[in-house]
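Please find one structure pasted underneath; my questions will follow.
Should a chain be cited, it is by its letter among A, B and C, assigned in written order, with residues numbered from 1 in that chain.
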Amino acid sequence: MPLHPDRYFDPNPTVRDLSRRLYQGVAGLPLVCPHGHVDPKLLADDEPFPDPAALIVVPDHYIFRMLYSRGVSLESLGIPRRDGAPVETNMRKVWQLFADHFYLFRGTPTACWLTHELEDVFGVTQPLDGRSAQAIYDQMLACLERPEFRPRALFERFRIEVLCTTDAATDTLEHHKKIRESGWSGLVLPTFRPDAVVNLENPDWRSEIARLSEVSGITVTSFSRYIQAIEARRVYFKEMGATATDHAFPSPYAAPLSSAEVNGIFDRALAGQTREDDARRFNGHMILELARMSVEDGLVMQIHPGSYRNHNRHIFETFGADKGCDIPTATEYTRNLLPLLNRFGNNPRLRLVLFTLDESTYSRELAPLAGHYPALRLGPPWWFFDSIEGMLRFRRSVTETAGIYNTAGFNDDTRAFCSIPARHDLCRRVDAAWLADLVSRHILDLDDAEAMIADLALNLARETYRL
Amino acid sequence: MPLHPDRYFDPNPTVRDLSRRLYQGVAGLPLVCPHGHVDPKLLADDEPFPDPAALIVVPDHYIFRMLYSRGVSLESLGIPRRDGAPVETNMRKVWQLFADHFYLFRGTPTACWLTHELEDVFGVTQPLDGRSAQAIYDQMLACLERPEFRPRALFERFRIEVLCTTDAATDTLEHHKKIRESGWSGLVLPTFRPDAVVNLENPDWRSEIARLSEVSGITVTSFSRYIQAIEARRVYFKEMGATATDHAFPSPYAAPLSSAEVNGIFDRALAGQTREDDARRFNGHMILELARMSVEDGLVMQIHPGSYRNHNRHIFETFGADKGCDIPTATEYTRNLLPLLNRFGNNPRLRLVLFTLDESTYSRELAPLAGHYPALRLGPPWWFFDSIEGMLRFRRSVTETAGIYNTAGFNDDTRAFCSIPARHDLCRRVDAAWLADLVSRHILDLDDAEAMIADLALNLARETYRL
Amino acid sequence: MPLHPDRYFDPNPTVRDLSRRLYQGVAGLPLVCPHGHVDPKLLADDEPFPDPAALIVVPDHYIFRMLYSRGVSLESLGIPRRDGAPVETNMRKVWQLFADHFYLFRGTPTACWLTHELEDVFGVTQPLDGRSAQAIYDQMLACLERPEFRPRALFERFRIEVLCTTDAATDTLEHHKKIRESGWSGLVLPTFRPDAVVNLENPDWRSEIARLSEVSGITVTSFSRYIQAIEARRVYFKEMGATATDHAFPSPYAAPLSSAEVNGIFDRALAGQTREDDARRFNGHMILELARMSVEDGLVMQIHPGSYRNHNRHIFETFGADKGCDIPTATEYTRNLLPLLNRFGNNPRLRLVLFTLDESTYSRELAPLAGHYPALRLGPPWWFFDSIEGMLRFRRSVTETAGIYNTAGFNDDTRAFCSIPARHDLCRRVDAAWLADLVSRHILDLDDAEAMIADLALNLARETYRL
C-alpha cells in the first residue's frame, strides 16, 4: 500500500490531529544514529549497491529468519554457506522468492520499513508481492545504477547528522580513516566493541588476543597487559572520534575477582585451558573494569545483554553467526548490577546505557534503576521491540517511573543502510502518537509534548551519547 | 444485557466500521476445533442434557472457582465429593446460587460466553441475576427437552466442521468408534494425550502402565517395551483419525538420558521406587522421544506447560483434579527447548505447537523462537488468557516478531460444549477488532486484513493441525 | 496546566461521556484510606505545615529520586544527612531547584498529583516551572499560615472517612491516643507492622527486641516469649482500632520450621550470632505464624514483598532508608505461598491482601490465586504502578481471571498528606475510564459499570479491610 500521511496515528480525529502536529515539528530534523551496524566500508568505498536482493534480502536476518520459519531454505535465498557449497546466485530468483513470501510480514515492522524504503528511496508505490516482484526489481535496479543512489549521496539525502558504526577492539578502523581522509563531510564514527576479546567462550579468543597484541603494540602475556592493550585501543578509538563502547554480555552480571583469581582465569584462557564458569566469572569482572575505563575516559558504555546467541546449532555451523537464530532469555538487573552501581552508579562521569530483550524488566527493574542512579540511561526498545507496539509498551511501562529524561532517544541499530530513514520516521511517528494520546487525555499539555517530541527525536540521543 | 451487534469492537466509528466489515467476512464460517475437552460420550450417546445447572455450573471450573473464591462452598454447588458425602442435589438451588453470584463475573470472558450462550443457544435475553434465575432455568429446561437441543443437533447447528477431543493413551476410543459406526456425519477426532503414562509423579502411574499393556497388547516390562506400547497406541489413534498429540509437562525441559539412565529410572518406577528428580529427568527424556515419534508419524505435537496442578491440596483431596486450583508458574523455553529444537526444530515433518501460561514469554521467547524455527507454531492464548484482553495482548506481543503465520489459529479448549460457538465468535470479533485497529493506523491495508481474518478464523487451524 | 475536567478520560466522545458519567457518581464520595504512611503526629499535634518545600519536596522520595537521577544532589534539596553535615536549609532555594527540574516529571503520576494538589488545595493554577516558582511559593506559604490549612482542617475538607497509618510493633501509639483523647472526630487508625522485630537482617533487631520486651511487658528471652509479645502488641493495636497488619518480606516465601530449628535461629539472633540463611528461613516461618495470628484475631494481613531495599549503599549510608533507592526484584508467589495457602487459604477468617512490584505476576500468578482462594485479595497497583498506565495494566491483566471482587479497592499508600485527594481522584478517574472503555465495547452494561465504580471507589476498601 502507498505510504499514508497519517500512518501509525490513532484514527480518533483529536488524537490524529495532535499526532500530526507533533510529528510535523520533527519530521524534517536530521538523523542522529548513535548505535548501528552499517559497514563503514560502504561509505569509505562509495561503490554502487549491486542489486535489490543483495541490498535488502541477503544481509538482513530480520527478513530471511521469517522466510526460514515457514520452510524457505537459506540456500535458496542466496545466504552464503561456510563450506562454500553452492547457494542461489540468481538475485532475481531470490527477490522473487522474497516477494512471494512478503505476506508473512503483515503486521511487522519489517513490512513498515520496507514499504517506506521502497517508496521513499526508490519511488516504488505498488505493493510488493509475487506479481509485482520483477517490475519492482527492475525499477530499483535502474535507481541503483545512478550516482545519487551511491552510499554517500544517500547519506546526505537521508540528512544523517552522524552515523556510529560498531567495530571490534582489534579493528584498525581503516575504513573510518579512509572516510576522514577523503575530504567528504559525512560524520561516521566508530564504537568500541571488545566482545571478541572479552568473551572467553569465543572459539577464536586466542587468535583475537594475538591480533589485539598486534594492533595495540602491547604483547598480551598477562591480564594486566591485556587491560593495557584494551585501554590503548580505547585511546585510539577516541582519537578516531568514538564516543561510546558496546558490550553484549549474556547477562549484566557484575562481581569483582581478586587479582589472583582473574590472573588465574586469564592465564588458563591464554593456555587454552578455560574451565567451566571461567567465562561467566571473567565477564563479571570485566564489566567492572570496562565501567572503570568509561569513568576514566568518558566513553559512553552500552550493554546489550540477554541474547542466547546461535541457538540453532545447525544454522550456525552451516551459515555462521547473525542468521536470525539468537533467542532472548530472562534477564536480571537489580542484583546483577548491584556491585557496578555501588561502585560507579553515583558517578556523573559514567554514562551507562542499558538495553533489554526482556520486557518484564522495563517496569520492574530498569525504570526504577534509571529513575534513581545518575549514571544510568535506558536505551530504546531493542531488536524485536524496535517496532510500533514495542515502542508504545516501552514508553508506557517506563515513563511513569523514570520520565523520558532518563532514556536515550532513538537508535536505529541496523545494518540495512537504506532502511535508516524509515526506522527514524517510524519512531518519530510513534513518539508523536504516544504523546498525542497523553495530550488528548490531559496528562500532558501541548507545550510540554512539543518539547518532548524534539527531545525524543534528537536531543536525548545527542546528549546521551555525548555527540 | 442482550448481545450487541458491535460487541468487543472499538467505539471509534472508523475502527468500528472496519471491525464489522472484517467480522462479517468470517462470522458465518464453520468452526474448526482442533483442541478441546468435550466428552465424546456426549456425541456417541446423543442423550438430552439433564438440566441447566448440570450443563453449565457443575462441570465448569472457570465458574465454580470464582464462586469458591468469594466463599461459596463447592458442596453447595453440587460438585461431587470423592468420599461420596452428600452435596447439593437440587439443581434449581445450585442454579439460584450461581445466578446470585453472577455479578462476580463482570468483566470476565465467562460472562461474555455465558451471555452469548444463553441468548444464542437458549433464546434467553434477560440478564442473569438472582431475580431472573428461576425463569431462565425454566426456559432453558424447556429447551433441553426438545430434540433440537440434543448434542448432535447442536453440533450441526453450531456448524462444527471438526471437533477434536483429548483422550488418554489407554483410552479404547469406544465413544469415537460408536460415533463412526453410527453413520452420523459429524467429524469427531481423538487426540493422543499420554500424560498419565508419562508422568512418574502420577500416583496411579503403575496401574496406568498395566492398562497400557492391556490395551496395546504389549506387556510393558521395560522402557523399550514401553516405547513400543506408546507407538502402538499412536498407530491406533491415527487409524481412528487423530492428527495430534497433547502433553502437559510441568515445564518444556528437554534433556536426553543415556539408555542406562532411562532404563534405570523406568525400572525403578515399575518397582514403585521412584527417586527424587526421576520424574523431572524422565520428562526431559520423553519430550524428545515423543518429538521423535511425531517426526516419524506426523502427529502434530502440542505442549501445554507451566501449570502447577492441584495447588489447593484440600480441594484436590476432597473433590479431585480440575477443580479450578491449578496455578501457573514462570516458564522458560529458550534453554529448556534447546536440545529438542537442535534435534528436530529444522525438520519440516515436526509440527510443534507451544502454549504458555506465562505471558512474559510471548515477546521474550516464544515469538523469537516461532519466528525462526520451521517446526514451531504458537498456540492461541490459553486458559486464563482465552479472553478479550488476553487475545489482544497475545497478538500485540507476538505479531511484530513472528507474524500471524507462525501462530496456530484458535482453539476453544473447552469441556463446555454449548459454549463453543460463543468462544469462536468472541475470538473472531477480537481478531477483527485487532486487525481493524491496525488498518485504521495504516499498518495494514484492508485487503491484507481481509486475508488475515480468514486465516485466523479458519485456515491456520486447519493447516497447523493437518486437518 | 490547569486541571481539565475530562483529564485521564479517552477523547472518543462516547467513551468520554461514559467516563464522565461514571466518575461523577463517585467523585464526591468520602475517602477511605486503609493503607498509608502519614505520620499520626501530624494530626495529633495539628500544627501548621512549615513551608511548601518542607511539605512537598523534602519528605517525598518519589520527587527527590527523580532529581537525583539527573544529577541534583540530595544535599541541595535539603535532605538531612545522617552525619549531621550541613545541607541546604533555605527552603526557597530548595523549592526553586525543584521547580527548575519539574519538567523531568512530564508524563509521571507525580506531575498529575502535584498539579491537582497545587490547584485544588492551594488554588495555584499556573504551571510550576523555574519562572513561576517563587510566586507559587508565596501563594502556598500564605495558605499554610491560615487555620483552614492545618492538618485536621484539611482532613475534614478532604472528606477522609478513615485514615490508617503504619506503625512499628513497638510503637506506643501515643499520637493515636492523643487524637482519640482530643475529642476530634477524625478517624485515624494504626496498622501493625512488625518488620523491625521480624527481619533478622535489621541491624537494630536486638535493640528492637529489647524495646518489644519493654512495651509488651513480656521479656523476650525465647521464641515462645517473642510470639507472646507480638500477640500482646496485636491485642493492643486492636484495642486502639487497628484492623490490619502489614509485612514487607523480601519474598512471599513460606516454609514451617521445627520447634528446634526456629528456637535455634531465634537464640542465635538474640546472641547476635545470626548465620547465613537464618533470616530467610525465619521469615519463611514467621509468615506462617503471622497468618495464624490473623486467623485468630481477624486482623487483615497485608504482604508487600519484592523490594530490594537500599540498593544504593552510598545513599543509604549518607541519608538513611526510604531515599528512593529501593529497587524491585522478580517475585514468585505460586510455589512460595503454597504452604501458607494450604494451611489457611480456605479459611474465611483469614484475609490476606497481596501486593507486587513484579507486574508479570498479575496474570500469571496473582489473578489465578485470587480467583480461587477465599482468603486472598489483590492489593491495588503498588508504588511505581500507582499511576494511570499502571492501574490500567492491573485491571486489564487481573479482571478477566479474578474479577474485581477479589481485589481490595484503592490504597493511597502515601506519606504526603496533601496529595491524598489527588491520588484518590486519579484512581477514580482511571477506574471510570477503564469501565467506560468496557461499556463502550459492550463488555459491560452501564448498570453493572455503575455498581462497579462505587465498589472500586469505596465498598471494596471498606469490606476488604473490615472497616
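Keep this in mind: contacts are C-beta pairs under 8 Å (C-beta built on N, C-alpha and C of every residue); 3 or more make two chains touch, one makes a residue touch a chain.
Quick caveat, the model's predicted, so the values are computed rather than measured.
Visitor: When chain A meets its copy chain B, do both sides use mostly the same residue numbers (more than half shared) or mostly different ones?
Guide: different
Visitor: Compute the rotation angle for the C-alpha superposition of chain B onto chain C, expressed as a multiple of 5 degrees.
Guide: Copies differ by a rotation of 120 degrees.
Visitor: How big is the gap, in whole Å, between where the Cα atoms of chain A centre and where those of chain B centre?
Guide: The computed centroid separation for chain A versus chain B comes out at 40 Å.
Visitor: What are the residues of chain A that contact at least two other chains?
Guide: 12, 360
Visitor: Would you mind writing out the residues of chain C in touch with chain A in their complex?
Guide: 1, 4, 6-12, 65-66, 68-71, 103-109, 112, 127, 308, 311-315, 324-330, 357-360, 384-385, 387-390, 433
Visitor: Can you check the complex and tell me which residues of chain A touch chain C?
Guide: Touching chain C: residues 12, 14-15, 332, 334-335, 338, 341-342, 345-346, 348, 360, 363-365, 367-374, 376, 396-397, 399-406, 438, 440-445, 448, 451-452 of chain A.
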